[in-house]
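Here it is, the structure, as structure tokens.
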Amino acid sequence: MQKVAIIGASGYTGVELLRLLAGHPQAEVVAVTSRQYEGQPVSQAFPSLAGYYDLECEALDVEAIAARADVVFTALPHKSAMEVVPGFLAAGCRVVDLSADYRLRDPLVYEHWYQEHTSPELLADAVYGLPELYRAQLVKAQLVANPGCYPTSIALGLAPLLEKGLIEHQTLIVDSKSGTTGAGRGLKESSLFCEVNEGFKAYGLASHRHTPEIEQNLSQLAGEPVQVSFSPHLLPVDRGILSTIYASLKQDSSTAELLELYQKRYAAEPFVRILKEGQLPNIAFVRGTNLCDIGLVVDERNRRVIVVSVIDNLVKGAAGQAIQNFNLISGFDECSGLQAAPLFP
Amino acid sequence: MQKVAIIGASGYTGVELLRLLAGHPQAEVVAVTSRQYEGQPVSQAFPSLAGYYDLECEALDVEAIAARADVVFTALPHKSAMEVVPGFLAAGCRVVDLSADYRLRDPLVYEHWYQEHTSPELLADAVYGLPELYRAQLVKAQLVANPGCYPTSIALGLAPLLEKGLIEHQTLIVDSKSGTTGAGRGLKESSLFCEVNEGFKAYGLASHRHTPEIEQNLSQLAGEPVQVSFSPHLLPVDRGILSTIYASLKQDSSTAELLELYQKRYAAEPFVRILKEGQLPNIAFVRGTNLCDIGLVVDERNRRVIVVSVIDNLVKGAAGQAIQNFNLISGFDECSGLQAAPLFP
Amino acid sequence: MQKVAIIGASGYTGVELLRLLAGHPQAEVVAVTSRQYEGQPVSQAFPSLAGYYDLECEALDVEAIAARADVVFTALPHKSAMEVVPGFLAAGCRVVDLSADYRLRDPLVYEHWYQEHTSPELLADAVYGLPELYRAQLVKAQLVANPGCYPTSIALGLAPLLEKGLIEHQTLIVDSKSGTTGAGRGLKESSLFCEVNEGFKAYGLASHRHTPEIEQNLSQLAGEPVQVSFSPHLLPVDRGILSTIYASLKQDSSTAELLELYQKRYAAEPFVRILKEGQLPNIAFVRGTNLCDIGLVVDERNRRVIVVSVIDNLVKGAAGQAIQNFNLISGFDECSGLQAAPLFP
Amino acid sequence: MQKVAIIGASGYTGVELLRLLAGHPQAEVVAVTSRQYEGQPVSQAFPSLAGYYDLECEALDVEAIAARADVVFTALPHKSAMEVVPGFLAAGCRVVDLSADYRLRDPLVYEHWYQEHTSPELLADAVYGLPELYRAQLVKAQLVANPGCYPTSIALGLAPLLEKGLIEHQTLIVDSKSGTTGAGRGLKESSLFCEVNEGFKAYGLASHRHTPEIEQNLSQLAGEPVQVSFSPHLLPVDRGILSTIYASLKQDSSTAELLELYQKRYAAEPFVRILKEGQLPNIAFVRGTNLCDIGLVVDERNRRVIVVSVIDNLVKGAAGQAIQNFNLISGFDECSGLQAAPLFP
């Protein structure tokens, strides 16, 4: 049993951590912080959780919380995260940070896309929390940089092709579509129901902040620098990311051959499901779970592969992956607390 | 550990049973029947369940399935259910029937709203599966008549008032709104996405088949015949029923007093949450769970109480309650397999 | 041709006025004010309107706008409206006010539900803008108090029954469900997509501010004081209000008889459609239009009538009715600019 | 004034033609055929249209209808269309065919993707109904082959680049997302509300039947054969198509330069709106209209252009464009009946 704290529980990632941890047999939530809900019971901030927690949301006091918790989940916006993570580490906690602050290895890249990094010395030891790629390192991590939602769906979708060197990197195009929880719980006109519902739009074309994280992953997998065009879109659904990924194949290859490659690559992975030829994934089929479903088709006329990967952005794209990492650093079964079947419909 | 079979798994109730049983520590699904998907793996019929079941959907052979299963969930349409339930009982299985066939105690009432009953002799022994009202009888039941979704939300919403005799029965009005899974997975124009989405309508006013079941429950609670006006509506959401219930109070009473009554009545119930004064329930806050949330307001100007109760129609309104009943007849913890927190958002 | 100004065009009512007036053959929009979008082209504030308007949103200067406009639509929140309406009237403009400020005839009632009224002297001359009830007075009005959305759906749904004295007033219950545009475009957590989508809730039970307006209408129709229980709910759709209205009948009456009464009462009304026996209205069938669809059923077992009325809350519940009133006070065809067919699906 | 008939009015394209023609000042609908609704008033088949039409749906009798109508809109499935179109032409009607039957100039290509063509002799004279590209020929057409929804969004999105020879054709990738009306009103499990809602999926990757039509258009624009990878996806909304189009630029070019090119190319087009730099289109902003909104971004790091085009699939992608073509062949103002502003929200 590990004692855990959730820092910044007023957003959708925070409530999703609480939802999942409520069913985790080896985790006890001992502290929840929230500026917005300070002093209120968790069940008042999130009526869905009434009966699951007796805790009150508290102010963020690193020392006091570190004294109570073994592992800390920081679900703060970037910049706010790096203000508190060093303190928790110094106090002996292990940290799973869900912000962008420790994901990019090169502080200059971080500073180009975000702002000055205030604890660059931690970047070398932070382990990027994508277990399907970095499991060995994660087991020993003090600080896990939990991946972004888009980068997770893309790295898992491309890993087998890049590891085997089967595609022309310069042709890589990623067209991603995310549910609206991805935009957070902040008050923005663009997040209002009537602005999102029955709508669909692209945003951040060729400029989204997840681009360097995506490229860091893909370059690592390829063993050489990879650049992509990354196009996010906003879906009028609560949850789910679907990434449609395009790349030219170096050599002719069939859909069946590539599916077999994927099957083998992910055969031992508990959270990756490779679809059969003729099937394509749907965000509805992973709802509420840590699963990543992948299908693909070879467009033989154009010698191009089209990979479709889906995750639940709040689970495998955030809170679920954080718990998967928590399990790894805690020596627990990697699937602990993450085994419930998808909610469909 | 109990071996269970699901009869008629091609609809939304069937897949919901499979979803919930996948996480039940004391149930092993040994057979799944489906005319539509016969011969196909469960994971092909329901891609969301890939990896959770190795079974194939099979044809319905009562004898063969009874030989393998301890408990049978029949998730068939009314009429089809009573064609197979007697056989399973005769073969020694216990049965949780999710159809309407064994809910009405009086076969004449059944025949008035449905058709001739082919096993009326079973009605006397069938136990109505609303544990909050009939727990003692359920423990020993061979045949559980699992309640309808609307009747569940209404009986739980009204039980404390009726048991205490606080309302004028002839003023009872129930205005219910159901998510579209309630209309089933059958192919009907009225269930198409573009017919339901961005729409809202009433249907079956003063004529819905759940009316006699609702009135049977309320009459039992009141100790005398109760009639209601019951108005169902169709919501453009997947899951959830919200019932807004109106009745004149016999005497002046405050919101706080009635909430206290509800708190006490349901204090020991694991799946009923009574909201605080000033709060009202939302179907989103029980999504995917066996919970029933209840709030109420006294309209003092009109000496009328307005009760709002919500459930997930597929869980507390169908598959979850069936598993709650399964737990009771199996001697398991009543909450076994039903403890996951609501999926919000 | 009339020159019109829209005061407060940053909300959904404002953009709906612009949408409808873009197709009005006898109205020219000469000024649009918006604090939020001051200095921006209308097409930047509302990209849907690009190409339809060349105007810029401007600051609110009563004198300057009054010099340009014949008729002013005030689409401001209550309180803000009464700060500017007297000025426009004094400057010789006619005003269609879409706020609540001039709807209640009794300033004490207004003050009980809102705040002090700063121009109570105008209340006597303001005409309540429900043409189906007050057409004769509207033709001559200088100040039209455009009705609220809920009250419109309820008054139209009940007028024939109250005018004929067919129901027991003290049994009146109104269960209304509104699309989310009804909550406005303000930044509130409860209006975020992920808070509304796949949810459904009641709010403001026995305390909603539309109650006195509803009761003023019904009392006027009945010729004596009428009180109701009014229960609004929030639907996860953009547009539409459906009100389900319950009342005990004084005498036995059939569905067919009452439908005939409604048919006759509204035979000459261009925007009211009475459905045939066996049909019930759907908000989707009036989307984008000034129509009110009404269906009803007599619950003979309980001698109760159930009326269902639907409108588009932004059109017949706000901007469309405002234009209908504008047509009346301008001497235009009452339907001018309001004839487009519903957008279904 | 032209007398028009709608053949096959039971689907979403049929009801959309009726919706738009209800507001067309120079068209009178004299006949509506529907196998499903034969003998029923239009208002029973489509309650939204009650009050707008007095017609009854009738059986399809080519001779009888041709005797009454000047122009015929055939809104039938492919194959059914070519069974009746020759008869209407022979009887002297002009025809706007909304099926795929006359869109492909090469009958062998048609037969590869569909089935044998039964009136290939008409292909040479059929004019492809995309006015922005073929206006001159359309004016004189007897038979208009109204374009598909996806091909319309793609051809308009790419025309300026292809006409100027600015992109590498072999890099063209089209990632399209369509609302669910695009799947039609037929009874399919995959079109049920609960299968679509809160879901998102790709389908028909590298195999969708619109591919040859898309490539015919692009090849014509480019003056040489062009192949694309075309990936359709299903959006949980009623209406709208958004196509995200990727291509490598032959030379460096800025977003501003390309937007200027688009502005010039479409300056005289009443239904194409080019967005400003920094803006991207949303399907919600063209809802219910014949508009096509286009935005673009140059991904300079990868010397790639990303074009985003949106239409309402039922209007510019079907019924609206059919009416635009009707206007052209009738000598009417091209915008007649198509000027209403978008319904937002």
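The letters A, B, C and D name the chains in turn, as written, and every chain counts its residues from 1.
One rule holds in what follows: a residue touches a chain if its C-beta (ideal position, glycine included) is under 8 Å from a C-beta of that chain, and two chains touch if they have at least 3 such contacts.
Predicted, not measured: the structure shown is a model, and the values here were computed from it.
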Set of chains whose contacts include both subunit D and subunit C: A, B
Between A-C and A-D, the pair joined by more C-beta contacts: A-D
CA centroid of subunit A to CA centroid of subunit C, Å: 45
Inter-centroid spacing, subunit B versus subunit A (mean Cα positions, whole Å): 36
Geometric centre distance via CA averages, subunit D-subunit A, whole Å: 39
Residue numbers of subunit C (touch at least two other chains): 12, 181, 194-195, 197-198, 236-239, 281-282, 284, 287, 345
Parts of subunit C lying in touch with subunit D, wherever the complex brings them together: 12, 15, 18-19, 22-23, 46-52, 181, 198, 238-239, 273, 275, 279, 281-282, 284-288, 291, 293, 339-345
Partner subunit A, residues of subunit C touching it in the complex: 12, 180-181, 185, 187-189, 191-198, 236-238
Of all residues in subunit A, those that touch subunit D in their complex: 170-171, 173, 175, 177, 194-195, 197-203, 205-207, 227-229, 231, 233, 235-240, 242, 244, 246, 280-284, 287, 295, 297-302, 304, 306, 308, 345
